[in-house]
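Sharing a structure here in structure tokens format.
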Amino acid sequence: MRLLGLYNYWIVVGLMMIGFYTMISRGNLVKKLIGLTVFQTSAMILYISVGKVRGGTAPILLDRADVLYSNPLPSVLILTAIVVGVATLAVGLALVVRIHEAYGTIEEDDIHVQDDAP
Amino acid sequence: METAIDVTLLALLGLTGIALLRVYNLVTAAMLLAIYSLLCASLFTTLDAVDVAFTEAAVGAGVSTVLLLGTLALVGREEKRPLKRQALPLIMVVVTGAALVYGIADIPPFGAPDNPAQQHVAPVYLQESEAATGIPNVVTSVLTSYRGYDTLGEVTVIFTAAVGVLLLLATGRGRGRGPDDG
Amino acid sequence: MFAVAAVGILVSMTLALARAFLGPTVYDRILAANTFGTKTVVLLAAIGFLTGRPDWIDLSLIYALINFIGTIAALKLFEFGTLAHTRGRDRE
Amino acid sequence: MDDCPILRVGAKIMIPTILLFGLYVQFHGEYGPGGGFQAGVIVTSAFILYALIYGLDSTRRVIPPFVPRAAAVLGVLIFAGTGLASLLAGGRFLDYDVFAGSPQKGQHWGIFTVELGVFVAVFGVMLGVFYAFVGRGRPQ
Amino acid sequence: MSADLALPLALAVPLAAAALVGLAGRRPNLREGLTLAGSGLLAAVVMGSLLPAVLAGERPEWTLLETMPALALRLRLEPLGMIFATVAALLWPVNSLYSVGYMRGNREGHQTRFYVFFALALSAAMGVALAGNLLTLFVFYEALTLSTYPLVTHRGTPEAMRAGRVYLGVLLATSIGLFLLAIAWTWAVAGTLAFAEGGILRGRLGGGAVGVLLALYIFGIGKAALMPLHRWLPAAMVAPVPVSALLHAVAVVKAGVFAIVKVLVYVFGLDLLRSEPSARWLLYVAGFTTITASVIALRTLQRGGNLKRMLAYSTVSQLSYVVLAAAILAPLSAVGAALHIVAHAFGKITLFFAAGSIYTAAGKTEIGELAGIGRRMPWTMGAFAVGALSMIGLPPAAGFVSKWYILLAAFEAEALVAVVVLAASTLLNAAYFVPIVYTAFFADGPARAGAPPASSAAAHGEAPWPIVLATSATAALTLAFFVWPELPLALALQLAGGSG
Amino acid sequence: MREHLPVLQVVLPLVAALLAALTRRPGRAWALALTAAWLVLAIAIGLLLQVLGEGVTSYHLGGWEPPYGIEYRVDLLNAFVLLIVSAMAAAVVPFARTSVAREIAPERIPLFYSALLLCLAGLLGIAVTGDLFNVFVFLEISSLSAYSLVALGSDRRALTAAYRYLIMGSVGATFVMIAIGLLYAMTGTLNMMDLAARLPAVAATRTVPVAFAFLTVGVGLKLALFPLHLWLPNAYTYAPSAVSAFIASTATKVAIYMLLRFFFTVFGAAFSFDVMQLDWILTPLALFAIVLASLAALHQEDGKRLLAYSSVAQIGYIVLGISLASVLGVAAGILHVFNHALMKGALFMTMGCVMYAVGSVKVSAMAGLGRLMPLTMAAFVAAGLSLVGVPLTVGFISKWYLVQAALERGAWPLALAVLLGSVIAAAYVWKVVEAAYFRPPPAGSETREAPLGLLVPTWALVAANLYFGIDARWTAGMAVRAAEAVLGVGR
Amino acid sequence: MTVLVLDLLSWAAILGGLFFMLTGTVGVLRMPDLFTRLHAAGITDTAGAGLLIAGMCLQAGSGLLVLRLLLVYGFLFFTSPIAAHALARAGLAGGAEPVGPSRRRGPGPRQGAR
């Protein structure tokens, strides 16, 4: 029962692994970045899940006193993490653009072929 | 009720993730990623992280999508289908996933108010931040004051990304017009 | 009542998602994504009411906006192959 | 899409609304969800929309490319400068208490400037990155 | 001059010589003059200042610098080091003289580089001799390896490069991989690296560990060319003759056996080794190397192979004498070991000089071509004969003295193995040296062998005068050692007294 | 201002990076970078003196008490790491002026310096902070700038190398983030000291070990710990010379610091090594790294790539020291962090000189350089000897300590492996030396010695290699004290 | 009393909205080609979302909230048709063919747009 109560986490783990798998199994450079984004985003859900209080509400204080609030700290951390994610994505995509200009392809296999050729 | 929404959204997220893994058209993948972000944002809302939801929607579904599409405009939209399936990534994923599952089994129960995370630092924020800063949005006050330095780091991160992108992509055109030293 | 609304919207989101998966053309997917976004907007509003904090309607607003921009960007990509190019000369 | 009147007219109505909404998010961040970051993204998306519909060159005429770069720097500088100012005023780095008579007021001002810095920086960065991507590989 | 001050001077003189020679590279006469002057000065410093002091029982010391907490680069001179330093300092001038004749006679290239690195190598050798602790010893040991590499590969041919790679590979690999480990272990056990009378490990290490540590040292000091780590020595034969002389007589292999003796005496201490059965293996390895190397040398002779190659294996065998002597672990045997370092140095340098002389004058390198050459080059082959006598261990040459002491020690310590090995190897040595001398003087020359063209055979006489002079000088030294062994003996007995 | 040194250490290069991004003149950007780098060095020295004098310094950012606010906490270990990083920056920036002018288009140079300074700020930020999530943020700053810096290499493979670096680095960062999340879920705090106090209560759960594992793998990716090193060789090879020199001597070093911090301060040596049996994982990996990467280096035909593989091996040494978990072992690791920074910095700089003069760093292209570029190659030889571990160079000192630490544990096979690595190092260093000194230069070669702007910084580092190799009392003493501090022994 | 009426009204609006939304989505799923799907989607966005938001407005209680809800709707009201229009144009330009009486399935001529 306790394990079932962690359903949120289980699915998050699954999502992370989908992202991770996309990232490391695909040869397309853009697809890898998409996988990375999924991976990171899912890790964010993990944080937010930690901060959730059942029956609580968002930590924007109300005038009433008897309100249960969820934890604001994971939100703060994840705001930062989202920015990190998009920053990584931007740099990664810029790299992909340049790689495409230099190699004419964004498939890892083709790039390897070109690199191995003298 | 919230649980039901929560679970449905998570299920939709899972479906979208699998779809993402299976499509080979990159524009489709980008659209699915936008959907994924929207779903995440909805999920964040149900998990009481509205600020995060706000940002995720704006960044994940907005900026990321536009950037992805902008890239796809330059690099082509089709992904080559893999010729063979390698075992190594699958093994890595299974191992990582198994480790996570193993570890998460002992994590404090989801949503319980007496979890360490809810007991240790956060209560101080909830109780004292408004008095200290005069701001009812605790997320904002923690973000900009208690952990303001993290936020400076965050702004630096995107600044770094901008520097990186400009280093990589700036064409030199239209950059000579500015004042010499800003 | 908002619970009912939320459930209904969720169901219809699922259906839209199915269209996004099925395609078959990329326009269908964009359409699906767009309509999915619209439903999300409404869902968020519903959740706001459901949790007793309807002030977050701002969220819905930004979703609607983002959704629109994403759709336009995707379409532009398909029509011109680039996000920058415009037919003819730029206008002021 | 430049020759499509529906889009152009729609954009003309929408863009100011978006900008207004962005400002609202910026200043409402203390009371509801939102803040400098989100506002920066929203305002940027207004210009992205403009660029999508009216073309990149028009947008560059509205906001020359050096503006995003300068804004990015300026934004981070505002943030870091706030921290340095608090040093000079005798507090710790980013300690806003010292900015005004009472700590609460000081915090208010500190958070305000910091959010402003975030807004400016995010706006600059996002638009700069958008320019860089979209400006790349143009036929001219 | 105070002896303490003379220590750094002994290092600095060759270094300064190297620098000056390098600067004078454009003017050969000045360059060679500087080399000779430097070598002479070094000999003067060592013989004039250090030797009397040590003989008088002083132990000069000088701290170079402190590198790590409680670990310094220190110089400290004791009798064994004195012996090595004397040999090196004495032979450098002779070798320089010879080099001048050889390098000019054979028109070798890169002569400036040659002299510079030669002087550097000498400096390093002095450092090894004067080292006051293991770290210092190691530092100069490595410096010696690195500074001799350009000499070994002097010719720059692919063959020379290959030989150089073997040379460097074996020496660096063993020294870094094993020697350094042994030093580190010693430090970990004893907490000090300073050489001390009676050893620093006594009472701190026992059982099988002694044997293992000993193995690390013995094989780590690859310069001693103990089998199976001897390969670099024959390989290095591609170098010019003065370099071979440096390797075999003056510095390199001597540094190896010197380091081994030093480690045995001052790190382990003979008492510890005697009491520890796990250290006995050394005797057998040394004996095995002695015999095997002699056999290889003999086979080289039978095939009429390369003279220098044969000499190289002779060196391998002779070096093992030193190790063998030390491994007998009697005080007297240490004396024998020390004496043999000197005796072999004089004898072997004579042999190499003679080989180089033959090459310079007649262009011959193979043993089979030597028939009758003694009549054309009487001085050279006379010196060769003296060297051969020393190698075999017959009077009136230096080898006899040292072998005598080793044999004496072996009997005293009842080390039957050593006695057998000594006897057998003496026979083997005789078997491969006597025929050369015999054919050189008494066999008929090229007429009967028929192979070499008449022109070269007829044209050559003796080698240039610096070569002949140097060769004769070393031969004379070899003989003098037999007649007046008092000086080295006095030092060696000090060593025995100190360790006993 | 003295009490603000910890934060100025990070904010100063950050502000300089902002200003550098504004200017359009390469010269000005460089001057800014130089000023910032040297000021940062001065601050680092000041901070070290402060820590030596007054003990651990804690700085509460925003005036908020930890664990509520972010804390900067400087003990001897970080002070030492800060010194290493800033010293390397102070050496690389002067070098960069000439090197970068040749390798990077002028209009990119201001942004280049901006990125370099951001990377520096990020690395310093990681080293100085006492807050777990703050580590993540600054890790990303340094990584993102490093990716783009690597991509600036002139070869197109620089781009793919940077991409791979980005992917693996992001995986690492995400792993770290997951681990931090799990730890937060278990304890409710992000402050390292607070975490260290609260972790023992929950250490018996399954979550904490998993968090530990994720943290180790994540940092291991950044660290290029042996099987996770795949990004490193290409990144170091194709990056601009100045970037190779900077990243090789700082980025992995800071990752090592993170490892030390997590293992010993956050989790505690008892948990890391007794419960998690970390040594059983780290020691074999380190050994593999030492031997296999050294062998790989032996087979490289590109000078920088050779050095890159050598870096992987050297990281193996450091990790080996850490895995011994004794004062001597950790001290050896810390010492090698310092020493390896010095030698690899110098070596990559000589490669920069060669790149400048010859335009290639292939071993075959270095034929005859011993005569054509005597000063450069002499620097290579000196630093190469250090890499081998020849006495009187810094390399010897750290290996000496490492071997001592291994022997102290009775693990003499480890000592043997360390020395075996040295032997292989001798072989691969030799490869370059032989090409440079014993092969004739190509006929008609007009290669000249590198300009002074490159030689002076290179030789400054070489001199440091020799100086700290000859007199290692200060560095060794610092390393031992830092190890004692991080292990909580002594003082 | 008013509360009850408001409740009833908003129930009605929300149920109505849901009806439109669901049917619209079913249409999106079931219709044969892009343009008919576009038509169905239009219902979702305007009638469905409109009625739902109207229902919420009735429950809002505060003027500002109503204003913002209306803003959301206004936004949807604008963007949705514009997007649909653009989509139709792009689809037409990109080669998505309307399906006539002879129903033809499968991807349009633009290969690889899947």
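All chains are identified by letter, namely A, B, C, D, E, F and G, in their written order; residue positions are counted from 1 within each chain.
Basically, a residue touches a chain if its C-beta (ideal position, glycine included) is under 8 Å from a C-beta of that chain, and two chains touch if they have at least 3 such contacts.
Here the structure is a predicted model, which means the values were calculated and not measured.
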Practice problem: Tell me which chains count as touching both subunit C and subunit E. | Solution: none
Quiz item: Which one of the chains is closest to the middle, using the mean of its C-alpha atoms?
Solution: F
Quiz prompt | By number of C-beta contact pairs, the top two chains | solution = A-B
Quiz item: Taking each chain's centre as its mean C-alpha position, how far apart are subunit A and subunit B in Å?
Solution: 5
Practice problem: Report, in whole Å, the distance between the mean C-alpha point of subunit A and the mean C-alpha point of subunit D. | Solution: 24
Quiz item: If you average the Cα atoms of subunit D and of subunit E to get two centres, how far apart are those centres in Å?
Solution: 80
Practice problem: Express in whole angstrom the distance between the two chain centres, defined as the mean CA positions of subunit B and subunit D. | Solution: 20
Quiz item: Could you say which residues in subunit C touch two or more other chains, in rising order?
Solution: 13, 23, 26, 30, 32, 51, 55-56, 58-59, 61-62, 65-69, 72-73, 75, 78-79, 82-83
Quiz prompt | Residue list for subunit B, restricted to those that touch at least two other chains | solution = 25, 28, 30, 48, 50-51, 53-55, 58-59, 62-63, 66-67, 70-74, 100, 104-105, 107, 115, 117-118, 121-122, 125, 136-137, 139, 143, 145, 147-151, 153-162, 164-166, 168-170, 175, 178, 182
Self-check item: Contacts with 2+ other chains: residues of subunit A
Solution: 16, 20, 24, 50, 57-58, 60, 73-74, 77, 79-80, 83-84, 87-88, 90-91, 93-98
Quiz item: Tell me, which parts of subunit C touch subunit G in their complex?
Solution: 1-2, 4-5, 8-9, 11-13, 15-16, 18-19, 22-28, 30-32, 34-35, 38-39, 41-42, 45-46, 49, 54-55, 57-58, 60-61, 64-65, 67-68, 71-72, 75, 78-79
Quiz prompt | Complex contact set, residues of subunit A against subunit B | solution = 2-3, 5-22, 24-28, 30-31, 34-35, 37-38, 41, 44-45, 48-62, 68-80, 82-91, 93-98, 100, 106-107, 109-110
Self-check item: For the subunit E and subunit F complex, residues of the former touching the latter
Solution: 65-69, 73, 135, 138-139, 142, 150, 153, 156, 161, 164-165, 168-169, 172-173, 176-178, 180-181, 184-185, 187-188
Quiz item: What does subunit B use to touch subunit D in their complex?
Solution: 50-51, 53-55, 58-59, 62-63, 66-67, 70-71, 73-74, 131-137, 139-141, 143-145, 148-149, 151-152, 154-156, 158-159, 161-162, 165-166, 168-171, 173-175, 177-179, 182
Self-check item: subunit C partner contacts - residues on subunit A that touch it in the complex
Solution: 57-58, 60
